[in-house]
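Letters are used for the chains, namely A, B and C, taken in the order the chains are written, and counting of residues starts over at 1 for each.
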Amino acid sequence: MNFQTLKLQQDGALLRVTIQNPPINLMNVVMVQELFQLGGRLHTDPGVRVVLLDSADPDFFIAHFDLEDLARAEADPSQGSKYPDINVIQSLTMSWKALPQVKIARIDGRCRGAGLEFLLGAMDMRFATPQARLCFPEASGSFLACGGGTSFTALAAGPSRALEFLLSARDFDGAEAERYNLVNRTLATAELDKYLQDLIERLLQRSPTVVAAHRAVFNAVYSGIVEPLFAGLAAENEGMRAALASPEMKAGIAAHLKAGQTRENELDLPATLARMSQPG
Amino acid sequence: MNFQTLKLQQDGALLRVTIQNPPINLMNVVMVQELFQLGGRLHTDPGVRVVLLDSADPDFFIAHFDLEDLARAEADPSQGSKYPDINVIQSLTMSWKALPQVKIARIDGRCRGAGLEFLLGAMDMRFATPQARLCFPEASGSFLACGGGTSFTALAAGPSRALEFLLSARDFDGAEAERYNLVNRTLATAELDKYLQDLIERLLQRSPTVVAAHRAVFNAVYSGIVEPLFAGLAAENEGMRAALASPEMKAGIAAHLKAGQTRENELDLPATLARMSQPG
Amino acid sequence: MNFQTLKLQQDGALLRVTIQNPPINLMNVVMVQELFQLGGRLHTDPGVRVVLLDSADPDFFIAHFDLEDLARAEADPSQGSKYPDINVIQSLTMSWKALPQVKIARIDGRCRGAGLEFLLGAMDMRFATPQARLCFPEASGSFLACGGGTSFTALAAGPSRALEFLLSARDFDGAEAERYNLVNRTLATAELDKYLQDLIERLLQRSPTVVAAHRAVFNAVYSGIVEPLFAGLAAENEGMRAALASPEMKAGIAAHLKAGQTRENELDLPATLARMSQPG
């Protein structure tokens, strides 16, 4: 499979998926389509047991969803989700979550917005370096993380820490992300790579049957939150629809697009958004 | 509004509520009434977006519920809750929990008993200094935290750590409180004030609509534990009624009142209670 | 009571239960029977308020379930559980979990497999030294922790960290176990003993009524996960039955038994298992 935004490297039963969508790894419509296609292949590929997701850009894992594509989709009703209670990012996330492989993210650099939503919902485990920067900038743009991010953050971090993370809309570094349970563990780059190499070697020895048996127990134990999770996703969608109709969010997206989704603007996106919201 | 036990300072959309009920910030009937009144005002005041709760006394955030008022209420049936399954502190907590504002506590000094119950249930986020001391002394007085404290501790810290915290009835310092997830974060005083200033500046920029959208998702995701939470509150009440009828608790309260709810006795309350329970 | 695998020492209302089944503290059929008998006595013994579980061997808390006994039980249908959805270790765990005493484990050395399952499910609190080594080796033997371990790990550590812990099948040291919430706290040996002495002194002062009142609230708050927990235990059993019929697990057990459950092999069991699975 040849993709435009994803570089694939297979080594035995390990598939390394490297995100590369220069200049800042925006998650755009093409990347979403390619992730859906890759998910479809993985769903029926017994040759892959472990998927490692990383980024070709040390500064950006995924910047966020491409606002130009968002604006375009909003203007074209035919691009909307066919299902009122699940949107395209949620749907992508839930389909990847259901894949039989063990899916791991190695986060270096910035991972914000839709990128972080995907990692929180679809990956089995997340690991970060201290240089990682995790952020949901949505609240500072008058909306909310609505691709599963609000729900999965609430479940992972608990309500108090999740609300701080989401409403502050600031960059959390790798150490903070570990403390708030957004990643399994944060380790210095060299140490992390050794850690992941050891972990992946172990995971590659687990048969799909054994992995599935563990998932079956987890699903049973957590069955009490599966229905509420879907209610959470639906509430995210309601919030998104309300926000999309609001002048504040429209103005925010227009201002961001006018300033430009440039590397310079996106490196410290929370500061850029704060500057943009200054009067005058 | 002029209160006897609360000092209010409004700065734009930030309302700083400082607890001051010398000499040791006991939560008494007056403070409960004033918190109810303040909650009523906040419920309909769109001019306040963030509430910061702190204390005028560096040694005491809230000592605990005033035992004289408790003894008086017990002697006067008309002061009891009209509802069998929710008591007055639980009711205060749940009404504050439902306020539209973002509510933050800055804990320095001792926060014990009813004060800690209120913070765990009513506040969206809690922050502490290393000098903070969190404690439920109830178990050493032959009863249990029954204003929501047992239930909210179980949810925040998980059963193993919650049971240790509640049954040990000792002071946990700020660092321990962070590790057991009773506060979002513990930072040295100067660092904490900078941290809170930055966080509050960010929170003040969030519209009530965006805050409400986040809460709607959280409520949906956690809907599976809302009914059990009320069952937990009812179980606390049963425990309290059983304890109030027990000679051990009556003797404990009488002994504590005889020794006096003094600053000296309350600074290291766990030690005071241990001394009081020594035979002879 | 005189036991072969457990040494009892009563000091007032504290019962210290020391596991001693040389050479490596395997949990075998005799130990399981003795734990059931001890549980039966504790269930009706108001003279014991706190149970401290530790080990006579600094290197091994419990090595794991004795594979010879497992192989024997598999060959003898009369030894199987009479209940399709709960097995003998799960049943032991749930019956200890229901005991009125406060149960604490002090983990030094290796605690793996069935031993760790028992500690995670039956103990109220777990404490460890940095030298502790916690591990579920099951996944590397082509099956899963099926005595409650998969379910209780998922609940304690959350799905992402639990899956890493279970599928990696490596030794986690005391510090890692604390970070993944498998123990309340990890402290250097001398510090831990002081910490436990203080905690136990406090717990001994709590009447069974007060302990029961706390448990009643916890049970109410967590009632939403009780039914799913039993579904989790049933899923573990399904996984176990499927695994027991698989040639991989049979071969793994046979190879482990042939290599021998010796002290030398068991000290670094994950490495031993990895060596055994090398072709040739």
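We adopt the following convention: contacts are C-beta pairs under 8 Å (C-beta built on N, C-alpha and C of every residue); 3 or more make two chains touch, one makes a residue touch a chain.
None of these values were measured; they are calculated from a predicted model.
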| item | value |
| --- | --- |
| Interface residue overlap between copies chain A and chain B, same or different (over half shared) | different |
| Chain A onto chain C, rotation angle from CA fit, given as a multiple of 5 degrees | 120 |
| Between chain A and chain B, centroid-to-centroid distance (C-alpha), Å | 36 |
| Residues of chain C whose C-beta touches two or more other chains | 224 |
| Contact set on chain A toward chain C in their complex | 102, 123-126, 156, 181, 184-185, 198-199, 202-203, 205-207, 209-211, 213-214, 216-224 |
| Interfacial residue positions of chain A with respect to chain B in the complex | 139-140, 142-144, 150-151, 154-155, 158-164, 166-170, 179, 224-225, 227-229, 231-232, 234-236, 238-239, 242-243, 246, 248, 277 |
